[in-house]
Amino acid sequence: MPPVSKTTASKTNTGNFFEDFTVGQVIEHATPRTVTEGDRALYGALYPTRFAVPSSAAFAASVGLDPHPVEELIAFHIAFGKTVPDISLNAVANLGYAELRFHQPVHPGDTLSTRSEVIGLKQNSNGRSGVVYVRSTATNQRGEVALDWCRWVMVHKRTAATEGGDLDAPETVLPELKKTLAPEDLVVPAGLDFSSYDFSAAGEPHRFDDYEIGELIDHVDGVTLTDPEHMMATRLWQNTAKVHFNTEARPDGNRLIYGGHVISMARALSFNGLANAQLIAAINGGSHVAPAFAGDTVYAWSEVLDKAAVPGAGDSVGALRLRLVATKGRDESMTLRTDEGKYADGVLLDLDYWALIPR
Amino acid sequence: MPPVSKTTASKTNTGNFFEDFTVGQVIEHATPRTVTEGDRALYGALYPTRFAVPSSAAFAASVGLDPHPVEELIAFHIAFGKTVPDISLNAVANLGYAELRFHQPVHPGDTLSTRSEVIGLKQNSNGRSGVVYVRSTATNQRGEVALDWCRWVMVHKRTAATEGGDLDAPETVLPELKKTLAPEDLVVPAGLDFSSYDFSAAGEPHRFDDYEIGELIDHVDGVTLTDPEHMMATRLWQNTAKVHFNTEARPDGNRLIYGGHVISMARALSFNGLANAQLIAAINGGSHVAPAFAGDTVYAWSEVLDKAAVPGAGDSVGALRLRLVATKGRDESMTLRTDEGKYADGVLLDLDYWALIPR
Amino acid sequence: MPPVSKTTASKTNTGNFFEDFTVGQVIEHATPRTVTEGDRALYGALYPTRFAVPSSAAFAASVGLDPHPVEELIAFHIAFGKTVPDISLNAVANLGYAELRFHQPVHPGDTLSTRSEVIGLKQNSNGRSGVVYVRSTATNQRGEVALDWCRWVMVHKRTAATEGGDLDAPETVLPELKKTLAPEDLVVPAGLDFSSYDFSAAGEPHRFDDYEIGELIDHVDGVTLTDPEHMMATRLWQNTAKVHFNTEARPDGNRLIYGGHVISMARALSFNGLANAQLIAAINGGSHVAPAFAGDTVYAWSEVLDKAAVPGAGDSVGALRLRLVATKGRDESMTLRTDEGKYADGVLLDLDYWALIPR
């Protein structure tokens, strides 16, 4: 039998450290994953989603989407999960997202693969970690882009720089990322047509024109989180970050809830007030402001940040730029920040996205 | 930014109050929902169901049911869930069901929509609430009726009547509802034929003739309930009642378990002794006698209330009218009521239904 | 109303006792079960599996497997679950498995039925129980064998033998079972061809030649078990053993976790280091060394026991014989047994299987 130390080290993935990344490097992530109707059902069991397009094949067909697409966040979570073993297994923190665009609907039967290109690097002055910027692209089995996005993560160095050892730090490269995608950047699914949209079936009468910039919407309902549910969700996306599954991975014995679980929970809760914001076209950015744990009760509110026509989308489709805020405990005052500009207590998530809605 | 109070109130659904209902009113419920094989799998993960027809496409085809139908209670829970935001979001209590009939099997790919008509109203003498009677009908994507049922619910008034304010109470209308559907009311699925039924594959030898009116069947097995499981089930049916999901919604911090979860659990447990009661044709009525919470261990027993041939169903199909009782903790004595006529301690559910079984 | 005692006893399954088994007896188990894409999704939600073949229809097709097979353990759990009500409802202990072979891939849409033949019996000297040996065979809707295996279980006698009562013990028959299936016993799925295998998509570069006999692989990651998850898994397989579901079934109030849950968890964890051990061809044997309960954190390590070409499989396919060990808490020393030859503390599972891997 060979020595344990050798064999242990030789086969298992210990993830990439800051030193392993170079600008321009392309990483093909394992493993491709086929989306199924089972994913749709589990998503509906884990999140209180009721948006009519992903809920009903008949409704989806009535707005031009046939075959029946799954919720965009299913595609996002799957595509994102693939990047974890290569990009963020040794992450100190997920710092941000930008320029996330859905290029076409994803349907049961589609197989998603993800590839990332390193587009920026910056070693921290402490010599122990650095920020890695990647642009990740998920493609389907026909090689077509399903979604892409940028993300930056603080990653541990394998070996901390000794004093003066910053000499071997890579040249700092900072990518230019849009703070917000413009309406002309949005991709509207081929065939989407809200002109015979059934508001009654969809659940609310409010259309594009009924929302005003600056308007706040309290989504009212709350859901108390549990460990089995967030673990099932996170596993479904093949996201392997240990902190989500292993009570021995953190000193406090808690399982940290995957940030995407809170995004999906808040998006589903936002049905109550935004039932017609049917499709997510893009995510401009997002902050996981505070960690969430089992026992926390998540509520959500939204702010209308902008409104726009979408070039080429036809007269029936409008876009709302929305801030989606998840809170621990309900905040009827819908306060994002304190007077000092810090996030208010209880804020878990601050997400900025574009949704498509009937005009 | 507009005032918070205005915007908060303007978009989110606060549900209907007693004053919002009028006899003859028709409510189209959001949102249509497509049934998938994922629902069948989740149902099997959440309930210990083993009935051969929903379990096996091959078995179902052998009794004339092809394509493969899902369990009737899946259709019921989905259809019922749609009514919650409009009918019972402000309910004090679900008082009862009647005349529930399954008109045809539901298959993966079918999209269910539900509509309700208000068929009765009665304001309570306290002036603070009233009883609303509705007949709800779920149709598939072809506009065919899949199931319908009546239900009555005690709903809060938005504004309690002041003294003498009963003047504005609506005229009391009480619908005539059958206590029990007659055998000739039952709809047998087209093509159903038990004449080459495989009792060995189905799991038990007992057929129609083996059951006697008055017979009690102890289903023996028990399942301890958990919060994540009932929340996943209830969400799957897009049932939004807060008390099921939010520990902050009740003073005791418990999540109240959706009554339908107990129905499905008891029905699944009844396999042991009623394995050949393959299909639910109708539900005559039911009482959720006591609330259930995580940690409770649910057992079930049944009583044969009646037996009948079903007109037009052919010689191979019989109907058993069954009382399905769910209890918290096992009651080997199978006692429904105390000598005073009250439900015995531990009884959670008393359900009266018609099942189809080989003769 | 008939007397309760009679009616209770008459319909519910109390399982078979040792006296009910005879050598040569064949038992057709209820109920047939159709596999769906929902099972694949739930399996992925319950276990951190990432093997490329079951994860991706496109990847599976690229190695000659089209339609898209489900993970072999899904087929095993379903097939095994069917035997529980007839074989092991009154079991004292599951003693072992042997000669488990997968004869062909299982796909969504396939319906599995299981039949068992009693191949051995041995009453224990205490007169209170005995060992029953069965060979179980699961067939699909076309009557083709999907998998078969042997298993032996210690089962209670209905009536303990009185002193001298051993006279009515059945003749002892002990089947000859192979300790290990030979490479020529393995069935390689028709069409399997790893010659254009995409190691990058599969997640690791290690092929057949990279593994050495005696090599140990620490799979590193751990998952903390929960009650809702193991109950959902076990129900999905229609396994009815009470101890998994009912806190009142054991004096300590714990739900005993189905041994198959630990097998699937360990197999999924083994992706990290054995990502290319894509298919399980056979299980030579296994021991559930210690019970697992909610709160335990499961880790896994593997040992390469043997390597072999598979006759008739073509040059691209090799077989690794692997020992898969699940532990409660991580054991970086990967110690199977103490110096006295007993299993080391923390070992939950010791499984010996053959996996197919690209050469």
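The chains carry the letters A, B and C, assigned in the order they are written, with residues numbered from 1 in each.
Keep in mind that, in the parts below, contacts are C-beta pairs under 8 Å (C-beta built on N, C-alpha and C of every residue); 3 or more make two chains touch, one makes a residue touch a chain.
Source: prediction; values computed, not measured.
Novice: Work out which chains are contact partners of both chain A and chain C.
Specialist: Expected: B.
Novice: Same or different, please, for the chain A to chain B contact, judged on whether over half of the interface numbers appear on both copies.
Specialist: Counting shared over all numbers used gives less than one half: different.
Novice: Take the average of all CA coordinates in chain A, do the same for chain B, and state the distance between these two points in whole angstrom.
Specialist: Distance between chain centres, rounded to whole Å: 36 Å.
Novice: Do you know which chain B residues sit against two or more other chains?
Specialist: 36-39, 41-42, 226-228
Novice: Which residues of chain B touch chain A once you look at their complex with the stated criterion?
Specialist: It comes out as residues 1-2, 4, 7-8, 11-14, 28, 30-34, 36-39, 41-42, 85, 108-109, 111, 113, 141, 226-228, 231-233, 235-236, 238, 240, 242, 245-249, 255.
Novice: Help me check something: in the complex, which residues belonging to chain B touch chain C?
Specialist: Those in contact with chain C are residues 36-42, 44-48, 50-52, 55-59, 68, 200-204, 206, 210, 212, 214-224, 226-229, 272-275, 295, 297, 329-330, 332-334.
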